[in-house]
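Down below is the structure, laid out as C-alpha cells.
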Amino acid sequence: MDADSRARRWESRTGLPLAVASLVYLASYAVHVLAPGLPAPVRLALRALQLLVWLLFAIDYGVRWRLSGTGLRFVRRHWLDTVVVLLPLMRPVRMVKTYETVERRHGRPRLPLHARVIVYAGLSALLLGFAGALAVYRQEHGAPHATIRTFGDSVWWTCSTLATVGYGDVAPVTPWGRTIAVGLMACGLALLGAVTGSFSSLLLQRFSREGDEDREGPPGP
Amino acid sequence: MDADSRARRWESRTGLPLAVASLVYLASYAVHVLAPGLPAPVRLALRALQLLVWLLFAIDYGVRWRLSGTGLRFVRRHWLDTVVVLLPLMRPVRMVKTYETVERRHGRPRLPLHARVIVYAGLSALLLGFAGALAVYRQEHGAPHATIRTFGDSVWWTCSTLATVGYGDVAPVTPWGRTIAVGLMACGLALLGAVTGSFSSLLLQRFSREGDEDREGPPGP
Amino acid sequence: MDADSRARRWESRTGLPLAVASLVYLASYAVHVLAPGLPAPVRLALRALQLLVWLLFAIDYGVRWRLSGTGLRFVRRHWLDTVVVLLPLMRPVRMVKTYETVERRHGRPRLPLHARVIVYAGLSALLLGFAGALAVYRQEHGAPHATIRTFGDSVWWTCSTLATVGYGDVAPVTPWGRTIAVGLMACGLALLGAVTGSFSSLLLQRFSREGDEDREGPPGP
Amino acid sequence: MDADSRARRWESRTGLPLAVASLVYLASYAVHVLAPGLPAPVRLALRALQLLVWLLFAIDYGVRWRLSGTGLRFVRRHWLDTVVVLLPLMRPVRMVKTYETVERRHGRPRLPLHARVIVYAGLSALLLGFAGALAVYRQEHGAPHATIRTFGDSVWWTCSTLATVGYGDVAPVTPWGRTIAVGLMACGLALLGAVTGSFSSLLLQRFSREGDEDREGPPGP
C-alpha cells in the first residue's frame, strides 16, 4: 500500500513536467528534421536537449519501477511505458493520461465516456501522426525513387494511413520508413476501433434508454 | 428556463428556412464551381447570394449564442455549429437535425433507432460528399499534375474516400485539396463507425431478445 | 390478417422457384458477359431468358404489392425488393432470406446468431461480388485506358473493394463502371459492419457470461 | 461422454508437440522460399520434412475425427481444422488455442477478455501474415511485371493488406498470388472486427460500470 501511494505521489508530481518535456522533445525533433540548414552548434544543442529529455524519461521509468516493487512484472504491466522509453517520440501520448488525471483531480465536470474516448483517440492520433510524419519524412525524403519528398507529402500520407484509406499515391519505400508505417497502421486500426466502438456503445446505450421509455411510456392513469 | 424555451422557439421557427437557405448555398456554390463559363454579372450575383446566406447563418449563430446566455461555453458545446459558421458548405448537415425535429413534432411513427442512424449517416455522407467533391474539384482541376480533372473524377474519389477504400488512381495533389480530403477521411471514419456501431447494437439487441426467448421458450405447464 | 397470411403463403410457395430463377438469371448473365463469341441466336436466347426471368420477378413484386394492400407504403417498406426489381442482378441476395425461411420451417437446429450473421454476410458478399464483377467487367474491358481488362482483374478488384482495402492497381475508369463500384463499396461497408458488429456482440455476450461466472464463482458455503 | 473425454485427452497430449511441429513446418517453408540457392539434397530434405509434418497433421485430424464419432458433422463443426489440413501453412494459428488450453490448465491468472482477444488477434495476424507473405513472395517474385520482388516488399504489402489500408504501390499480379491475397484480406477484415469489437465491448462495460457508480454514487446519509 505504501509503495502504491508513493508511486502515485511520484506520478502526480512528475506528470505535468514530464508532459511538458515530451512536447519539448517532439518540438526539438521537429526542428531537427524540418530545418536541416541550421548551423552545426544549434543542431548539436538540439541533439543534447533530446538526449537530456530522454534521460529524464529513463529516470522516471526507473524510479517508478523501483517504487512499484514488482520486479519484471512491471515491464509487462506497463508495456506502453516500456515502449515509450525506447521510442521517446511516442511519449506525448502519455499526456492524454496526465490530462485525465489532472482533470479528475480538479473534479471538473467530466465529459461523458463516449466524448472522452473520441477526444482522447483524436488527440493521440494527432500526436502520433505528427511524430510519425516527422519520422517517415526523415527516412524517406532523401531516398532514391522516394515518393514522399516534402513534409506535406508525409503529413498527407500519414492522414490517409491513420484513416485506413491508403491511396498509395505517395508511400514509403525505405525499410525504416515502412517499419514506422506499420506502426502507424496499427494506430489507424486502433483509432478505427475506438471510433467504431464508441459509436456502437453510444447507440446501444441510447437504444436501451428508448426501450425503457417505450416500456414505461404510457404509464396509464 | 425562459432562455431555454426562447432558444427552442427560435430554433423551431428558423429551422426550416435555414435548412432551405443551406441548400440554396450548396446549389449556388455548385453552379459557381461547375459552370465557370457563366457571364460575369451572373457570377457576381451568385457570390452575393452566397454572402447573403452566410450572413443569415452568422446572424442565426449570434442570436442563438445570445439567447443561450452561456457565454463562451456556447462555442464549445455547440462546436459543430461553430464549425458550420466558418465552413458554410457543411451547413446542410444540420438539416438532418432539423428533419428529426420536424418529424418528432408531427409525431410521425419514428423509425427504429438503427434505421434512423443508417439513414442519417447516409444522408450526411451524401451532403458532405457532394460539398467535398465540389470543393476538391475547385482546388484540383486546374493544378499541374492533377489527377482529378473532371467533376466525375472528384465524385469518384470522394466515394472511395468516404468508404475508406481509397484506390488512389486519382488523388488530390494541392495543399488545400488535401486538407479538404483529410476532413472527408474523418467523415469516412465516422460513417464507418456509425454503420458498424448500428449493426453491432442491432445484433446485440436481437441476441438478447433471442436469449430471452430461449430462456422463456418452453415455459411448461 | 387475412391479407398477411395470403402474402405469407405466396412467399412460401414462390420462394424456392424464384431463388432458382434468380440463379438462372445470374448464370445467363455470366454466360452473356464472359462468352462474347457465342453465335447470335444463342445470345438472343440468353437475352430472352433474362427478360423472362425478370418478368417473373416483376410479377412476383406486383402480386405481393397487391396482396399487401398497403399501397405506396409497400414500396418504402420493401425498398430492397424494389431495388431488386430494378436491378435483377442483385436478386440472388434474397436467396439468403429464402434459405432462412426454409431452414426455419424445417425446424433445423439453427446456428447461433453470430454464426448466421457471418454466414449470411459472407454469402451475400459472394453473390453480390460475383454479379458486381461481371457488371464491372462488361463496362470496363473494352474502354480506352481501362486497367480492368480480364474477368480475373475484375474479380480481384471486387475483392479488394469489398474488403475496403482498395489497392487501386486496377480500378474502373468508365462512368457506369464507377457507379457500380460505388454500390460495391457500400456493400463493403455493410460487410465490414456486419463482421465487426458480430464480433463485438459475441465478445460482449461472452464477457457478460464470464462476469456472471466471476460473481457466482466462489459460492462458498 | 467417454468419446469426449478421450478426445480431450488426445488433444491435451498432442497439443504441444503439434504446435511445435507447425512452427517447424512454417520455418522449413520459410527456408525453402527464402533460400533458393541451397544445394539440392538440402532442399529435398526440407521437402521431406514438410511432407512428414503434414502427415502428422493429417493423422491428428483423422484420429480426432475417429474419436469424435460424429461422422461428417465433424468436418463441418471443425471446419477450421479441415481448412488447416488442406493448407498446413495456416496451422500455427491453432497454437493460439493450444496456448489458451495450456494457460488454463496451469490456472494462471488469465488476462481480461478484451486483452486476450487483442493478444490472440495480434498473434494470429502475425503468424498468418508471415505465412501469407512467404506464399505471396513465392508466387510473385519471378512473375513478369511483378511489383513484389523482394521478401521485404511482400511483408510490406501484407501489413498494408491486414490493416485494410491497401496502398497498392506493390500488389500481386499472378492468379495464385491474388488468391492468397483474398485470403489475407479476409483475415484483415476479421482482425479489424476483433479490434473494433473488443474496443466496443470494453467501452460498453466501462460505461455500464460508470452508470452504476453514478446511480450508487452519492449514497447520502
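As written, the chains take the letters A, B, C and D, and residue 1 is the first residue of each chain.
One rule holds in what follows: contacts are C-beta pairs under 8 Å (C-beta built on N, C-alpha and C of every residue); 3 or more make two chains touch, one makes a residue touch a chain.
Computed from a prediction, not measured in an experiment: that's the story for all the values here.
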Where subunit A and subunit B overlap in contact partners, by chain label: C, D
Reaching subunit C from subunit A through chains that touch each other, fewest steps: 1
Relative to subunit B, chain with the most remote C-alpha centre: D
Contact-richer chain pair (by C-beta pairs counted) among C-D and B-D: C-D
Chain copies touching (subunit A, subunit D) - same or different residues, decided at half shared: different
From the options B-D, A-C or B-C, the pair that copies A-B, where over half of the contact pairs coincide: B-C
Chain centre separation (subunit C, subunit D; CA means) in Å: 29
Inter-chain centre distance, subunit B versus subunit D - centres from mean C-alpha coordinates, in Å: 41
Residues within subunit B bordering two or more other chains: 164-168, 192, 196-198, 200-201, 204
Subunit B - residues contacting subunit A, complex: 113-114, 117, 147, 161, 164-168, 171, 173, 175, 178, 181-182, 185-186, 188-190, 192-194, 196-198, 200-201, 204-205
Partner subunit D, residues of subunit C touching it in the complex: 152, 156, 159-160, 163-169, 191-192, 195-204, 206-207, 210
Subunit C contact footprint on subunit A (complex, rising order): 164-168, 196-197, 200
